[in-house]
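Consider the two complexes below, in which subunit A is the common component and subunit B and subunit C are the respective partners.
Moving on to the complex of A and B:
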């Protein structure tokens, strides 16, 4: 089922949770709503589910206006951040709940319910825990039961609120991969909320970056990571180096860095900020000429496949972060305190709307 | 490292076993004071009630509590509790449901008003109903015209009892429901349950111990209420006398052993209430602990 969101706005008292958000999710895709807390991502998810009512705007399922449809009629499966398992019921009864509350003429027979629940429990690899109570399960197990319970009603859309938020790192990794597999098997439209950029980039087909109740950028994980459309996306997805300077008719001047940015050809005498990812900083021992910054190595972190350098600029003392491959690092044979020359390879220039950041 | 510190700590504790306790005379004095206070104000009165009740032998005791008037009082008390307690449970659940699960204007006013019956003196509670339903009261003439008796009759006693026991269930349930939040209800709705199904299958099982606890307290108060009921009852022997009122009448007639015999029934009720309350606390305590594990 495809989902379309048109001009949704929502306020809680004086707090604006969503301002004029529009978004479309094609059928069968797994989409991540990514943003810091307070960015409105959970509110948007709850509005799609029907747990919250938007102040204005509409939600369309498969092209049909479903803004005022009751949650029970939307055919959505919702997985809550803290699972919201029914604490007084066994795992089996939790999963069976959605089938048992159906009107009599739609309700499957007892044997059929039993078969379906067992099947779902096998799907989430917890077939042996049917008689346990939620309090007897680990966090990862609860999460999977919550998912099985949501899938029991055969939803057309699966909505997950911070699905791995309260699990430890190892379990999170496993469940992430497992969710991706499950999604590919079931061919179901899925939307999940997360504040963890790594999670969004690894699991989702499309990432929706949200900030202060607005959508900053929508794109594939590669797009939002490699071509961030806004300074916010740059900052939120991974670490970044900032350069401040000026731009005039496309010509950018940031300290030693000079370059041409055709997208700013119409900007006249303005403040500008340049963004470079740490792995896009070329580090040399010799001065490479134009647009090169002299810096001193302050800190070296050489654990893992990439080596992280903290450099202090010779002009002004600002800190720069650079990531090198292990081979390059050996080639350069760097030590703390040595002088190097860095050159940004892919500088994105943004002109702030209000002349300050 | 941590082990060695722990070992050293026990060694120190052994070397000075009394380092952290008071001197002997202070311990004896404190414990003695507490125990004599307990004995004087709780145990002794209990004993006196039973001692007085059985003073003229078990035969006189059985006689006193099987008097037709005493039996009528028992019947009326049971009837009043049987009507007032369920009514309060319904009101209590409705009010706490509204307060805990929804946001609306005037919520704090509602929470305060629910406590009103605890704040006013029981006599005032009785007076309120006399002023409303009495022959000189607001609705009194209309009731008289339709030949309905409220004051100095059963309905007045039930109304007053409902009023004074009103906060018990709500007080118990509001914090419980607020702590539980509404995620489980939302989950049930998202799985296609109707509002009524959600209430019966999710909300009610989650609050059952709190509800039972409230019912036990409300029941104890409903059976034991004196002041408010005294104002509206009219003290008609064998008709509008509840147990506490009957005790008073017997006492005022210097029929001490009969008064204490009937009073012993109320004391027994109190003891049963305490035991039931303890069991519910213990039961719900173990379930709350399980619930807490669930939310982590």
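Moving on to the complex of A and C:
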């Protein structure tokens, strides 16, 4: 089922949670709503589910306005951050709940319910725990039961609110991969909320970056990571180095850095901000001529495949972060306190006027 | 080789705490109650039986246990509603309403009795309207039920409130998304976890109502065979210096209450195992 969100706005008292958000999710895709806390992502998810009512705008399922539909009739599965399992019911009863509360004429037979619940428990690899109570399960197991419960009613859309937020790193990794597999198997439209950029980039087909109640950028993980449309997206997805300067008719001047930015050809005498990812910083021992910054190595972190350098600029003392491959690091043979020359290789320039694209 | 087999607990102080508990319970509960048995023992078995099965006494048991039960039942239901409102909704004056709930605890029972009588008698604020409906509240068994409901209210509210607070609102939302109707959500998701607390509140309200004297005697009118509660009969006997007769009725009441409370505790234990604190 495809989902179309049209001009949704929502305020809580004086706090604006969502301002005029529009978004469309094609059927069968897994979409991540990514943003810091307070960006409105959970509110948007709850509005899609029908748990919250928007002040204005509408949500369309397969082109039909769902705003008027009763919450239980939307065919939506929802997985809560803190599982929201029924504590007084066994795992089996939890999963069976959605089937048992159906009106008599729609309710499957007892044997049928038993079969389906068992099937779902197998799907989430917890078939042997049917008789346990939620309190006897680990966090990861509870989350999978919550998922099985949501899937029991055969939803057309699966919504997950920070599904792995309260789990430890290892379990999180595992469940992430498993969610992706499950989604590919079931072919249902899925939306999940997360503040973890790594999670969004790894699992989702499309990432929706949100900030202060607005959508900053929509795109595939590669698009939002490699071509951030706004400074916010640049900052939020991964670490970034920031340079301040001016731009005039496409000519950018940021301290020692001089470059040409054709996209700003019409800008005259304006303040500009440049962003470079740490792995896009070339580090040399010799001065490489134009647009090179002299800096001192302040900190070295050499664990893992990439080496992280913290450099202090000789002009002004700002800190720069640079990532090197292990090979390059060995080649340079750097030590703390040594002087190096860095050159940004892929500088994206933003002018305050076009902050809001 | 000597092996020390003494068990050590990581929670020290059991001996001292247990000893103190026994001493305290003895001084405050067991010793006073045993005098009831001792005094009653001055009667012969026949006298005892006659005292506790006199028609007037039997009628009072019926009223005391019946009205207490009905009062506790009403409280179980409305107490749950009040607790629900106090936990789930925010409204102006919530603190005041919350405070009102405890009033029956704090009010001297005689004050409560007089106030209730004034309100529910034939020309009282509420009584006059009931009268037009053909219902007499004051000086009837209904009045007794009203008084016993009044004093029992805080018990249910205060036992249910914290448990209800623990029931996550997300759980209700989960049920709604899974297609449950409102009453299904209530009966299958909300009620089971709070049921043990409701039962506890019911038991407390019931036992408090059994022993209640002050607030009832004014509104009941104390007509023999109709609106006399058992505690009143005990006081009447004491006023006639029939101490043994008074303790005999007290003993009968004590035993009956104890059996009932034991049954309810068993029921609670069962419901807690079935639904509660898992």
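To be clear about the criterion, the second predicted complex is superposed on the first by the 352 of 357 C-alpha atoms of A that agree within 3 Å, B and C clash if a C-alpha of one lies under 4 Å from a C-alpha of the other, contacts with A are read in each partner's own complex, and residues count from 1 in each chain.
One rule holds for everything that comes next: contacts are C-beta pairs under 8 Å (C-beta built on N, C-alpha and C of every residue); 3 or more make two chains touch, one makes a residue touch a chain.
The shown structure was predicted, so the numbers you read here are calculated from the model rather than taken from an experiment.
Q: Following the superposition defined at the top, how do subunit B and subunit C come out on subunit A, clash or fit?
A: clash
Q: Could you tell me if A:97 is touching subunit B, subunit C, both of them or neither one (first, second, both, neither)?
A: both
Q: Is A:82 touching the first partner subunit B, the second partner subunit C, both, or neither of them?
A: In the superposition, A:82 contacts both subunit B and subunit C.
Q: So, A:72: does it touch subunit B (first), subunit C (second), both, or neither?
A: In the superposition, A:72 touches subunit B and subunit C alike.
Q: Of the two partner chains, subunit B (first) and subunit C (second), which one does A:149 touch, if any: first, second, both, or neither?
A: Both: A:149 reaches subunit B and subunit C.
Q: If you stack the two complexes on chain A, which partner ends up touching A:341: first (subunit B), second (subunit C), both, or neither?
A: neither
Q: Quick check on the superposed pair: does A:49 touch subunit B, subunit C, both, or neither? Answer first, second, both or neither.
A: both
Q: So the two structures are superposed on chain A. Out of 5-13, 23-31 or 239-247, which stretch of subunit B collides with subunit C?
A: Looking at 5-13, 23-31 or 239-247, the stretch of subunit B that collides with subunit C is 239-247.
Q: Output the subunit A positions appearing in both contact lists, the one against subunit B and the one against subunit C.
A: 49-51, 71-72, 76-78, 80, 82, 84-88, 97-98, 101-102, 133, 135, 149-150, 152-153
Q: Quick one: in the complex, what on subunit C touches subunit A?
A: Contact set of subunit C toward subunit A: 168, 170-171, 173-181, 184, 188-189, 192-193, 275-276, 278.
Q: Which stretch or stretches of subunit A touch subunit B in the complex?
A: Of all residues in subunit A, those touching subunit B are 49-51, 71-72, 76-78, 80, 82, 84-88, 97-98, 101-102, 133-135, 139, 142, 149-150, 152-153.
Q: Where on subunit B is subunit A touching in the complex?
A: So the residues of subunit B touching subunit A come out as 183-184, 186-194, 197, 201-202, 205-206, 290-291, 293-296.
Q: Subunit C touches which residues of subunit A in the complex?
A: It comes out as residues 49-51, 71-74, 76-78, 80, 82, 84-88, 97-98, 101-102, 133, 135, 149-150, 152-153.
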